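Input: structures, listed below.
Shared between the two complexes below is chain A, which pairs with chain B and chain C, respectively.
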Partner chain A sequence: MDQLFNPDGIAIVGASSNPSKAGYVAIRNMKEKAYPGNVYPINVRESEILGYPCYASLKDVQGNIDLLVLIMPSKMIYTVMDELDQRMEEKGDVKFLVCAAADYAETKTPEGIDRQERLMRTARRFGIRVVGPNCIGVIDNRSRVDTTFVDTGVPFTSFGEPTGITFLSQSGALASAVLMEGASRVVPVLYNKFISIGNMADVDFVDLLDYFETDESTRVIGIYMEGYNDGKRLAASLRRVSLKKPIVVLKVGRSALGANAANSHTGSMAGSDRVYDAMFKQNGVIRVGTINEMIDTLQAFDRMPLPAGGNLFLYSQAGGPGIYCTDAISHYQELTMPVVSDDTKARLAASQLPMANICHPEGYADITASASVRNHVDGLQIVLEEKNVDAVIFITVVPTFLPQKELAEELVKMEQAVNHPGKPVYYCIMAGAYTALARGIMEKNGLCTFDSPERAVMAARNMCVYAAFRARHKKEA
Partner chain B sequence: MDQLFNPDGIAIVGASSNPSKAGYVAIRNMKEKAYPGNVYPINVRESEILGYPCYASLKDVQGNIDLLVLIMPSKMIYTVMDELDQRMEEKGDVKFLVCAAADYAETKTPEGIDRQERLMRTARRFGIRVVGPNCIGVIDNRSRVDTTFVDTGVPFTSFGEPTGITFLSQSGALASAVLMEGASRVVPVLYNKFISIGNMADVDFVDLLDYFETDESTRVIGIYMEGYNDGKRLAASLRRVSLKKPIVVLKVGRSALGANAANSHTGSMAGSDRVYDAMFKQNGVIRVGTINEMIDTLQAFDRMPLPAGGNLFLYSQAGGPGIYCTDAISHYQELTMPVVSDDTKARLAASQLPMANICHPEGYADITASASVRNHVDGLQIVLEEKNVDAVIFITVVPTFLPQKELAEELVKMEQAVNHPGKPVYYCIMAGAYTALARGIMEKNGLCTFDSPERAVMAARNMCVYAAFRARHKKEA
Partner chain C sequence: MDQKENTVALNELESAKLLHSYGINAVKSILIDNCRKETLESTAAELGFPVVMKVVSNDILHKTDVGCVVLNVADRDAMECAYRVIMENAARNVPNAKIEGVVVQQMLPKGFEVLLGVSTDPQFGQVVMAGLGGILVELLQAVSMRLIPITREDALDMIAETPLQQACDGLRGVRYDREEIVEALLNLSRMVEANPDITEVDINPLLLYGDGRKATAVDAVVVRKTSCCTKNG
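So, the complex of A and B:
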């Protein structure tokens, strides 16, 4: 798969100079990310697009093409494949083909099926691996490849460094949503690798999982799945990979109606949801219910150490959100609000204002809205030093009169200085746009922030479930 | 309560010229909202704050004071109440008192209890109604009163017209979060009335519910609740009001631990959660689980007509999100994806591209990512005209190559022109910041948008449950 994610030369059939066309946006993305290799737009009418010289046909490209991207209307597949046959006979250079266009076998029409067969005939003859059809393409933010036609609405320069999050999706639209939701976060999420596999005419979940297993820049894998036909093969692959790296799956078709819709969509039989659910549980795969839970969980795995257990201390600056969060924690049997030592209680009380609620109930502190920056930070540090605490949820609804920049900087400083290996802190900085300053500073320094208690708890629960799986299967890894 | 929400003269004890103090932000809020009455900051050291002349003591204010706000440190309550006694003997003008400061009876210390008793002694003697203590204050965005010390981070001028949403909260921090979360939405939410009731030393849920029942600008009521001691009285009030207006409650203390934390917080016994749950169900009160579900549901009730039933058509531009949403709909027994007539199916198919999936499964359409603006709008209109459809979830992940401004404007035009009374449409415009343009246009024109399918479904389910309650109890209203 190396040449898919790090190709020497990319040609785009269906390249366009019209900004309202997919074949323009793909080239614009490559330009914006400054892909260092050659980009060959194939367009018979234009001389150049965004500074890249155009070629009338595939056979006119002199340079090497590792990756061929098809965004032209599906009915043109016959001509394009004939040209590709010719090129492969002469140069034999193309290794990967991403067919982004829709209107192939997923339509279940004879025409659609025939188009996909034509595509695959050439691919099989020359050993070209195919991604798609009916997908949005491939991104590698380290090699700066982006064949998608998705505009995230956020300039590339606003993103930080690429994360260790790799995402693969059976649905193009859902992949777009994950891309754009990620881009809309306080600090935009730059995925490591990102691949939309559509109809899986060739490259599928297992091929990619096997590759990501040893891909060094992939620390955690997210998957959107509708269904896969070879359950045994999938289970074996998930098992092997999840012993090394966390896998987070959003699997739809939970309901009979959803499974029916899935069948109409990518044509895949979703199969019994209970079978999938059991397979995920057995193999340490974390199943999530929503797109936001997916991104939250991927970020938590990417940035934080796995907790040693489920003892989760709830450290809140506000009573209401604290109670609300207690309800959320109580919902999960994997999580416990731990009893801490009398010494920790005494030190915690001494670090706070007299009105603070220390450990009523156990494993909970409400430091109150009057808490200063020092109260916030010192108390958290004391909680982290307690041996019976595996992880902490920190909640604050930054009051208008508390300097949030200072709060964020002091929390970062504490996290960097204190030695509490293996103890993730889920920072819930509530209240929307007002706290963007604090969250921005914290996120840029590798802390994991959330905008609501229930989302922080969900991520904490997911980390905890995976940590338990890894602990149970230490010997196998 | 009229003088609480529309007072003639507001005095603020604890007014400050220091921007990092609550007593400054409250005055800044009043200034920013241009409250047209007199504002009297009480501050012995300053001559003016933000242009408002200061008074050394309550007795120095010559003008009328309907509403007295206390933000000073709690230990000063004795001096302040002595001054208030004197003023009431001489002028007898104060009708309402908002005690925003904390450190009263909620601390359960003899000192805190004594402070609250001192406050209430004067109040009872002169018939002054008290809001708080331990609250963040009161807002009325029509009369432009804002006694809170919360900076939403969004300039007041960015908000639209006041909504019909009235919110009351037992927790100040949670109220702040609701205020700031609302302010952070694509089009910031301006609440109609907003009140944080803290310890409920006097004014409580029932007093306010009774007032909101006939308050014309209140169309829907949101409540954050930890507990209330007189269940019968609360149930009777909820029942009466919810026969006229929807009530949406976020009640915490679901879990034993949460109830324990609630007891430590506002000192109220949360009582058995099952009793509350049954009481809410029986009286048509919509119980929500999260802050976002609360705001979503309040907005839906505020803007849209109640549906006639639970037949919810799912109209999606994308397969993946469509299946994901089908799962969410299937989760609720109140919702059904309806069978539409053959005529509707034929018209719908004729309005779409050949590859569109029309009604597989029933009550579902996937118009595909290739759909134009006209495909989006025309198909939706046809679905709305079908008699077996009570409401629609519309999903689009606006592709980069679809003009989102045009899409939004055409949807607004269609909604304004088409005659389909009583059919709410939940517009799920996915993918974060990129779709802010479309969502902004739609929201400003009264359409209800959501950023994820599960949130749209939740609001649809809540509207449907309440509509059924109203239908069942038509005669009582």
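So, the complex of A and C:
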């Protein structure tokens, strides 16, 4: 799979000079990310696209092509495969093929099935591995490959550093949504590897899970799944990988109607959703319900250490949000607001204003809206030093008289001093767009911020469930 | 392909015997095929009173509906009477049914009802299930499941996902033994792992007492695949 994510030479059949066409955006993405290898647009009419010289046919490309991307209309597959046959007989260089175009076997029409069969005939003959059809392709932000035709609307330069988040999607559109949603965050998320597999005519979930298992730049794996035909094989692969790295799944088809829709979408057979659910739980796979929960959870796994247990201290700057968050924590049996030592209580009280509420109820502090930056940071530090605390949710609403830039910078400084290894802090910085400055500083420095308590709690709960799975199966891994 | 066509349900005695051989305690039952004095006496000596009596026939699915179940049989005379009533009703209401006899079963006192089961998913194979027993199980959707084989931790998780958790933590002053459910689940998983031809098991209820009396499976049905040759046999 290395050559799929780090190919020497990429040819694009269906390349276009029309900025509204997929065959243009793919080339523009590659240009913007400064893919260092050769890009060969295949287009009869144009002489160049975005500075890359065009070729009339695959036969004309002299240089090496590791990866071939097909974005042309599906009915042209017969001509293109004939040309590929010829190229493979002469040069034998293509190792991977991404068929982005749709209208293949997923339509379940004889024509669609025949087109996919034609594609696979050449692939099988020459041992070319196929991604798709009916997908958006592949991204590797370290090797700077991007065959997708997704426009996130966010300039590439404004993204953060490449993360350890690898995402794998059965649906191209859902994958695009995850890309775009990630790009719209306070600090845009730059995924590590990103792949949409569509019809899975060849490369499928298990192939990729097996690859990501040992891929060093992958710290956490996100999956959007509709269904997979070989349940036992999938379960075995998920188990092996999740003993090493967290896997977060958005599996659709919970409802009978949804399962029906999944079946006709990528042509996959969706098994009983309740059995999938059981299989995920049994194998330490974290199942999420929404795209936002997916990205929140992936970021938390990517950035923070796993907690030692479910003792979650709630450290709030305001009463209302604190109570709101307490309800959210109480909802999950995995999470407990812990009793801390008298010494911690005394030190915490000494670090705060007299009216602060210290540990009523246990595992909870409300430092009040008058709390200064120092109060915020010092108290958090004291809570993190308590041995009975595994993780902290920090909530602040940032009133106008609290300098948010200074708050963010002091929190970053405190985190970087690392007096509490192994303890995640979920920073819930409420008050919407107003706090974008503080969140931006914190996110750029690797802290995990959230805009609401329930999202912070959800991420905390997911981390905790996975940590418990790992602890339980320590010997197996 | 209709799965039902290729499966057969074991009768109560066979089901109970299989469960028992894998360490799941099932209600004591004896099959009789006559109501002679010595048959009834030895049965009563073994089981005591009261007992439940039901027809045993693969051709009769809903035994109560055709008058082939008698509850609360209190003594030997009532036993004889029940035997005759069951046989007469079977002959009259399901004339073509092949009758193997009548099963006499200890009638157990009321307890906390747990559902245990096995089902087969076309993709993932056999799964074990646990939940609240009785007839509300469908309504409450309070069943958790796991793929086999399960571990002790899986079994504990299954309990934690259902209202069984509260019952094991203590319910109106009675605390039901979590270990009994865990053991039964582990045994069930072991049983179906060793018998890949078992497609379905329905134990409803497994009665728990919370006072030292042993948990006991009451109504249990095991469904197995038949081999191709006996498909319609």
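Structure notes:
The definition used in the following text is that the second predicted complex is superposed on the first by the 476 of 477 C-alpha atoms of A that agree within 3 Å, B and C clash if a C-alpha of one lies under 4 Å from a C-alpha of the other, contacts with A are read in each partner's own complex, and residues count from 1 in each chain.
By our rule, a contact is a pair of C-beta atoms (placed from the backbone, for glycine too) under 8 Å apart; a residue touches a chain by one contact, two chains touch by 3 or more.
What you see is a predicted model; the values in this text were computed from it and never measured.
By the touch criterion defined above, A:319 lies against chain B but remains apart from chain C after alignment on the C-alpha atoms of chain A. After overlaying the two complexes on the shared chain, residue contacts for A:107 are found with chain B alone; chain C is out of touch.
Put chain B and chain C next to each other and count what each touches on chain A; the higher total goes to B. In the superposition on chain A, A:229 makes contact with chain C only, while chain B stays out of contact range.
Legend: residue contacts after superposition of the two complexes on their common chain; A:275 is shown touching chain C, with no touch to chain B. Once the two complexes are overlaid on the shared chain, A:22 sits against chain B while remaining clear of chain C. By the touch criterion defined above, A:426 reaches neither chain B nor chain C.
Those residues of chain C whose C-beta lies close enough to touch chain A in the complex are 121-125, 127, 144-147, 150, 153-154, 157, 160. Taken in their complex, chain A has these residues touching chain C: 228-232, 235, 269, 271-272, 274-276, 278-279, 281-282, 333, 472.
The touching residues of chain B, counted against chain A in their complex, run 20-22, 25, 102-103, 107, 149-154, 169-177, 179-185, 224, 226, 250, 252-258, 260-262, 264-266, 289-292, 317-324, 326-327, 329-331, 337, 355, 357, 360-361, 364, 366, 368-370, 397, 399-401, 403, 430-436, 452, 454.
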